[in-house]
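Please go over the structures that come below.
There are two complexes below, and they share chain A, which is joined by chain B in the first and by chain C in the second.
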Partner chain A sequence: MWASLSPLAADLVLVIGALSLLIVDLVLPHGEKKVLGYGTAGVFIAGLLATFLLDLSGEALGGAYVGDGMALLVKRIVYAGGFIAVLGSLDYGERHWPLRQGEYYQLMLYSVLGMGLLGGVEDLILLAVAFELMGVPLYVMAAFARKDKLAVEGALKLYLTGAVSSAATLYGFSLIFGAAQSTRLQDIAVAASSAPSPILWLGASAALAGMGFKLGVVPFHMWVPDTYRGTSPPFVAFLAVGPKVAGIAAVARLFLHGETALLDGVAPFALLLVWSTIIVGNWMAVPQTSARRLLAYSGVGHMGLVLLGVVAGTHTALAAVMFYGAGYLVTTAGAFLVVSALTDEQGSDELDRFAGLAQKSPFLAFAMLVFLLSLGGIPFVVGFWAKLYLFLGAWGAGFAWSVVLGAMASVVGLFYYLRVARTMYMDEPDAQGISVDMGTQFAIVLCLVFVVGMGVVPQPFVAIAEEAASALLRP
Partner chain B sequence: MSDVALFTLLGPLGVALLLVVAGNLRRSGYAALALSLLMAQANVIASVIVLSKAWGAPAVTVETPWLWASGKTMATVGVHIDPISASMLFVVAVVAMCVQFFSVSYLSDEPREGIGRYFTWQSLFLFSMNALVLAPNLLQLFVAWELVGLCSYLLIGFWYTKPSAAEAALKAFWMTKLADLGLMIGLILQYRWTGEFAFTHEAAVALGPMVSTVALFYFIAVMGKSAQFPLHIWLPDAMEGPTPVSALLHAATMVAAGVYLVVRGWPIFELAEDTRLFMAMIGGFTAFFAACVAIVQTDIKKILAYSTCSQLGYMVAALGAGEMTAGYYHLTTHAFFKALLFLGAGSLIHAVHSNELSNMGGLWRKMPVTAVTFGIGTLALSGIPPFAGFFSKDLILEALLHGAEHDQPLLYIPLVLCVIAAGMTAYYMFRVVFLAFFGEPSAHAEHAHEGDLGILGPLVLLACLSFFAGIPVLTSLTGQWGHAAHFHVTGLGMLALALALGGIGLAWQLHLRGGTVPGLGALAPLGDIARSHAVDRFWRNLYLGGLRGIAKSVAWFDRYVIDALINLVGVGALQGAEQVRKVQSGRGGDYVYAVFLGLIVAVAWSVVLA
Partner chain C sequence: MTGQAEIVSSTVVLDPVFPWLSFVVLAPFAAAVLIALLPERFTHYLALVGATLSLGGSAVIAGSYSPSVGGLQLAETVELVPSLGIRWALAVDGWGVVLLLLTGVIIYAGVWASWTLEKRVKEFFVLLLVLVAGVFGVFVAQDLFVFFLLYEIAVLPMYLLIGIWGSSNKVAEAGPFAIVFRLLDVGGKEYAAMKLTLMLIAGSALILAAMLGMYWEAGQSFDLAVLARTEFSSTLQWWAFPALWIGFGTLAGLWPFHTWSPDGHAAAPTAVSMLHAGVLMKLGAFGVIRIGMMLLPEGAAWWAFWVGTVAVINVLYGALGAMAQKDLKYIIAYSSVSHMGIVLVGAATMTVNGWNGAIFQMVAHGVMTGLFFALVGLVYERAHDRYIPGMGGFVRPMPFVAAAFTLAAMSSLGLPGTAGFVAEWLVFLGAFESAHPWWTFPALAGAFITAVYVLLGVRTIFYGEGPPERFHDLEDADGSERIALWMLGGCIVLLGVAPGMVMVFIDPTTVAYLRMAVP
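On to the complex of A and B.
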């Protein structure tokens, strides 16, 4: 039995770590709960090490999970995302919910566990379970600042739309099962090409719609700005990245499984989602005055591009999606951490609060500038390669007009990203210095290293992304 | 040779990175200045070595794969050294060194922190520009292209406390970024078609029927970078930056990057005949239009900025006519004499603390070196022999005439525009000379005096180059690039010269003697048109209005159309969800409806499919 669990060794590290921390939490006296944060960070590191040191290949859970390149890459990305988010929460959690830190980190570990599984699901049932395992803790974490009305409202919106979307996903899954007579993704892909039926397309569309909620695809995006704006700032750095990468991997696994027949069936609907997401996300970001709402809408726009890569359905495009996902994670997590540090200090994330940040905290301003440039796709930071690679992949698959739309949207993106940069560097500061706690600082530096590193030396990361794509599609 | 070329990349980059990382070194100001200046000098020496080795030698390419996907190389970095890139490397190096020297005196009143920042960006720009010039493929060129754009943004906004400077920096960045879309789309198209980003003849042939389309997309980016009508409007505003920056980026090197892209990608443009005709038309019109606008400006830097647009128009027109060497040759000569004019203007502005011509006057006694060198630059720009501008402009006019006579009669249009613009150029430049250096000194000019050696040295050096870049090297230089050009005395050249002399005479009559010319009043409405900012307004409305408008309409659509649809559908089927809405404050329910809307589209799609 243990042998068949070996592909899940890294996940088991997370489970064992989470359970141990649960016990430690019980015996820790009040006032020392911060240790749990360090412990959680350690668990993520241990999980990451496991993905590098152990052999995680092979099937597990009777073939419902497979440890291929895609599974491995997603695990690494989301564990790293978890690690960064923990670092950003250490100080904040200690100050805002000192006694409940244990619960917070427990929930985070379980959510990441779910994300890690999504990279390698081979079965609809595990897909549904892992999706919920990822999602349910997020609802609770969003409402963690329970006395903050905005946070609770944001969490409720996340929960309500999430519940409806889960229903849609499960409804879709049941229709897919009815049409394909199997819950195995492999069998479903075969059924889609050999025995296509309207029921199958209906199921696939409903599933895509439901899963699109997690990605923040228009029109399932409406929770995104409100929840990001309302909930506790360091949590956004978690919510905005890991679930997106895991979600897109799950969508890719369901729709691109050796064959693309299932995708072809829903392609026009998916393309409609792509277009509306790119347009609404980027253009709605323009008039925003809150940094988190701005980044939320811009994130929606980025998800449109990522989904475009999946819809393109070629090996290159899928590899580009995975590369984009990794780059998006470090860039967006970093940007939200900067916003979090600023919001925490000044009590608001309105853009005018960024005025003169370059003088108040040159470090934060520089980091934010790099992240904004990456989001805008300027060379020598990861965003440039991610965009170029994705555009090349999508164009190659025949989605020329979508690429043109995406390229135009990225120019619009520069419009609002540079507005933030200008405020930081060119306006006069209103208040004095900003202090950033060590954990957040370290996390931001880590993000910076990857954003610049992947921009200057993209090759190793592209190679990994290609390997991940090879798990699903032939090159 | 390639290691020397690599030095021109890594040296300035190293300095820039060091200054970014070592904050104390940067803030000390003078250390940053010394480092940057030393590197600029070393860069000149390196560029001379590269040019001498590349002279007459076959092209050398050293590249290393940067990114490979699906088993094949996608991006490489490296250097491509041939007489074309080596010449540009030399031009950039010389102008950059002159400008950095000049900046030392020009910015001596700035706080030390500002000086450090300025020279950090200067070094970063030098690296980016060299990377652009030496690019062995169009992808590296694109990467460097974006970087010089970023440097331009940073340097225009150097005086960021001035709102107009900050706005100009943003305007320049957005305008060029909008145009860069063309380059990006062109690159993707080319990669799809040929599987590489090369600018070789083979790559151009492999493009087959796509070659005109790809070239057109590239040209859109050229229009942005090289300030061609109607994307030129960012350039005059960019004059908000320090004057040495205008000399380096917005006169000699960065704006010329667009023309350089065409020269580098010449195998592609050579085959793209339709696109070249379009280029010739745009270039000719820009040459004429910008000259018209320059005539009515009163700010010396704005005049020079419009003049740059106009001269870039000449280059683009020559390229459009199919004569690459003519266009490229004008780029080189123009780089020297326009940098000279800008630095001369900087010297004047430094002396009188104003950009307005009305605040100058009678300065030639007080500033003789500036006056003489500015005069040389003016003669060169006006196309008066024996200065370089005469020969390069002559080659362009010949190229247009040749093209019009032999293969495309439509080329007579840009030819006529360019010939008329030659007369206007002489007029507006001599207007500057007469108003600034002659006549009665204004109150500002009372205490003006000549700058120190840091200001005068670069002026003299560039004045010499404005002569030597002309007839002494014309044939040998163009021969290195391709088809060797020879200077002939022709009727067309004499006509242009006569028009230029006429322009000088008109300026003399109007601005030195204070006389009038009968019938000139009839032209006043033309001046009003040129003075109006119609093109500016168009773009501002498009950008702000368009962007905000689209945002508003999307928001409106979100709120009313989607909402209305949802409500319509919701009446029957979504009673249950309506309850949820009551539980929540209100808008949360809408979000759930939105999810349903998506589902309904999904279902509708499936039904259609069935």
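On to the complex of A and C.
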């Protein structure tokens, strides 16, 4: 029995860690709860080490979970995302909810556990369970600042849309099961070509729409800006990255599977989502005056590109999606951490608060500049390679017009990213310097290292992404 | 297609003892990193060291390049992403040698010209050197992806360079577009910076599309040699060539996509205008020829008429635009549009003389406009004014500046004995030999109009009565600034008197490349 659990060893590390911290929380006196944060960071590091040191290949849970390249990559990405988010929350949590830190980190661990499973799901039921395991803790975490009206509103939006999307997803899954007579993704993919039926396509569309809610794909993106704007800043650095990467991996696993795929029947619908997401996300970011809302809409736009890679459905495109996911995680987490540091200090994330940041806090401004350039797809940072890689893959799959649309949207994107850069570098500062706590600072440096590192030496990361893509598609 | 096979087989790869090309590309970059890390008191010296190393490296490359052998030399290759076929592949041809030297001279002069800068010095030199690293790289990149990557690096620092260190000059709100002008803050440095960046990046999006189309049709390769061997389908040639032409052309100031150039160059600080008009615009023209015409010969033949005709419009429009301006920087900026038109006319002729002229004009205009912008910067710094009709008699307080400005003006209007003459002569010759000889006449007219506005400008600013009372404290160029002026002025005369010095490099490459572009 234990042998069949070996692909889940890293997940078990997280479970054991979470349960141990639960007990530690009970015996820790008030005022020392910050230790739990360090403990959680340690658990994520242990989980990451497990993905490198242990052999996680093979099937588990009777074939419902497969420890292939994609599962491994998604685990590493989301564990790293969890680690970065914990670092950013250490000081903030201590100040804002000193007694409830234990709960916060518990929820975070469970959510990441769900994300880690999504990379390797092979069964509809596990897919649904892991998706909820990822999602439900997020609702609670979003509402942690319960006295802040905006936070409660954001949390409620996240919860309500999340509930609706779960319903849509499950409804879709049940139709898929009805048509394909199996919950195994492999069987479903075969059924998609051998016995296609309107019921199957309806189910697939409902599932795509439901999962699209979580990813923030237009027209299911309405919650994104409000939730990002309202909830506590370090939490956004968690919400905005891990769930997206895990979600896109789950979409890829469900819709792309070898030669035949569930994608075939819903491709026009999916492409419509891609186009609307790219256009709306980028255009709606232009008039934003709040940094978090701006990054929220720009994130929506990025999801459009990522989804384009999945819709393209070739090995190169899927590898690009995985590479993009990793790059997006470090870039966006970093950007939100900078915004978090600034918001925490100044009580607002309006863009004019960034005025003269380059002179007030050169480090924060430089970090933000690098993250913005990466989001905008500028050379020598990971965003450039990610975007080009994705365009390359999509073009090769015959989606030339979508690539042109994406490239044009990048020009729009550069406009609003540069606006932030302008405020930081060209406007005159109005207040004193910003002090950033050690945890956040370390997390930002970590993001910076990866954003630049993956941009200068992309090869090892491309190789890993290709291996992950090989799990689903032949090169 | 024998011509293509020949150029590829005649490509001699001399195993370099030292990777000089990477050295030249990375030296400014390394200097930029060091400047960012070390205290500000080292900044100027580090910038100078970086520029000197690049210029010296370019000289070494010119020395070790063997024109008689020709082709690509000093090749270096490092695999970047093997599975996607992306390699850090650098090699230099005759054109590359000349353009590297030009870039080296301009950045060297540019560092001297910004020696007295006081505002946020560190950031300025970091961005300037990163930009230059990109420029060096584009001229020697042999992998289309790396070419594109370095091209983007060269384009983007401009945004901050103009936005922070630039100068605003409110344009009078008049005419039917007054409201638009007010809304967009036309003339402001931030407007100029954003306009320049977005227009150039939109051009990049077109280049990207063409690049990806070629990549997949050539069997997933970015290698320029492989791409040159590939016979692309007519469909691809038909749409990808104009995409490259307009995409790269935007940076070269191609009409009607030139509008970023006057605003951008007028708002930019001295060294940045020098670099941007001096070398960056050449990247655009270089891209049109090296990527567009050489990799897509069929498409180029198809569109040649339009390329040449629009280029002719460029020459005339730029010249007429310059004539209408009263602002010193705008005149030089519009003259750049006009002179880049000459480069594009030369390119469109698809003749040996035309291409030789185009490359020579890149160098001649680079040096000339570098000198112009250095001088304009000097005048503006001292007079705090760019409005020409209010000036006069500046020759008395600043004779050295006046002499240098007159020299640049002479080259600009193509006086024999200056670099401009050689370049324009070759281009006109090429145009006359081409399939559309009539291009010669409007181009000649453009050169004539140039003489009018340049001479008028020189007369108003430097000669006649004056200087007016409010310009009482004008001073001539001082030591470090004179270094820049001497260098650039010297180059103009040297290239005009002994054009063979660089023609030795340009001509064999042109002959070989033209065989690829005109099958």
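In this section, the second predicted complex is superposed on the first by the 473 of 475 C-alpha atoms of A that agree within 3 Å, B and C clash if a C-alpha of one lies under 4 Å from a C-alpha of the other, contacts with A are read in each partner's own complex, and residues count from 1 in each chain.
Quick note on the criterion: a contact is a pair of C-beta atoms (placed from the backbone, for glycine too) under 8 Å apart; a residue touches a chain by one contact, two chains touch by 3 or more.
Bear in mind that the values here come from a model prediction, so they are computed numbers and not experimental data.
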{"item": "Partner chain in contact with A:K157 - chain B first, chain C second, else both or neither", "value": "first"}
{"item": "First (chain B), second (chain C), both or neither touched by A:T183", "value": "neither"}
{"item": "Contacts of A:G396 with chain B and chain C, given as first, second, both or neither", "value": "both"}
{"item": "Which superposed partner A:W223 touches (first chain B, second chain C, both, neither)", "value": "first"}
{"item": "Contacts of A:V404 with chain B and chain C, given as first, second, both or neither", "value": "both"}
{"item": "First, second, both or neither for A:Q106, with chain B first and chain C second", "value": "neither"}
{"item": "Chain B versus chain C as contact partner of A:S205, first or second or both or neither", "value": "first"}
{"item": "Most chain A residues touched (candidates chain B, chain C)", "value": "B"}
{"item": "Doubly contacted residues of chain A, that is, touched by chain B and again by chain C", "value": "316, 373, 378-380, 384, 388-389, 391-392, 395-396, 403-404, 407-408, 411, 414-415, 418, 422, 425-426, 458-459, 462, 466"}
{"item": "Contact footprint of chain C on chain A as seen in their complex", "value": "316, 358, 373, 378-380, 384, 388-389, 391-392, 395-396, 400, 403-404, 407-408, 410-411, 414-415, 418, 421-422, 425-426, 458-459, 462-463, 466"}
{"item": "Chain A residues touching chain B - in the complex, by the definition given at the top", "value": "153, 156-157, 160-161, 164-165, 168, 198, 201-202, 205-206, 208-209, 212-213, 219-223, 265-266, 268-269, 272-273, 279-280, 283-284, 286-287, 315-316, 319, 362, 373, 378-380, 384-385, 388-389, 391-392, 395-396, 403-404, 407-408, 411-412, 414-415, 418, 422, 425-426, 428, 458-459, 462, 466, 475"}
{"item": "Residues on chain B engaged by chain A in the complex (per definition of touch)", "value": "23, 65-71, 74, 142-144, 146-147, 150, 157, 160-161, 166, 170, 173-174, 177-178, 181, 184-185, 188-189, 191-192, 547-548, 550-552, 554-555, 558, 562, 577, 580, 584-585, 588-592, 594-599, 601-603, 605-607, 609-610"}
{"item": "Of all residues in chain C, those that touch chain A in their complex", "value": "79-84, 123, 145, 149-150, 152-153, 156, 159-160, 163-164, 190, 193-194, 197-198, 201-202, 205, 208-209, 212-213, 215-216, 220"}
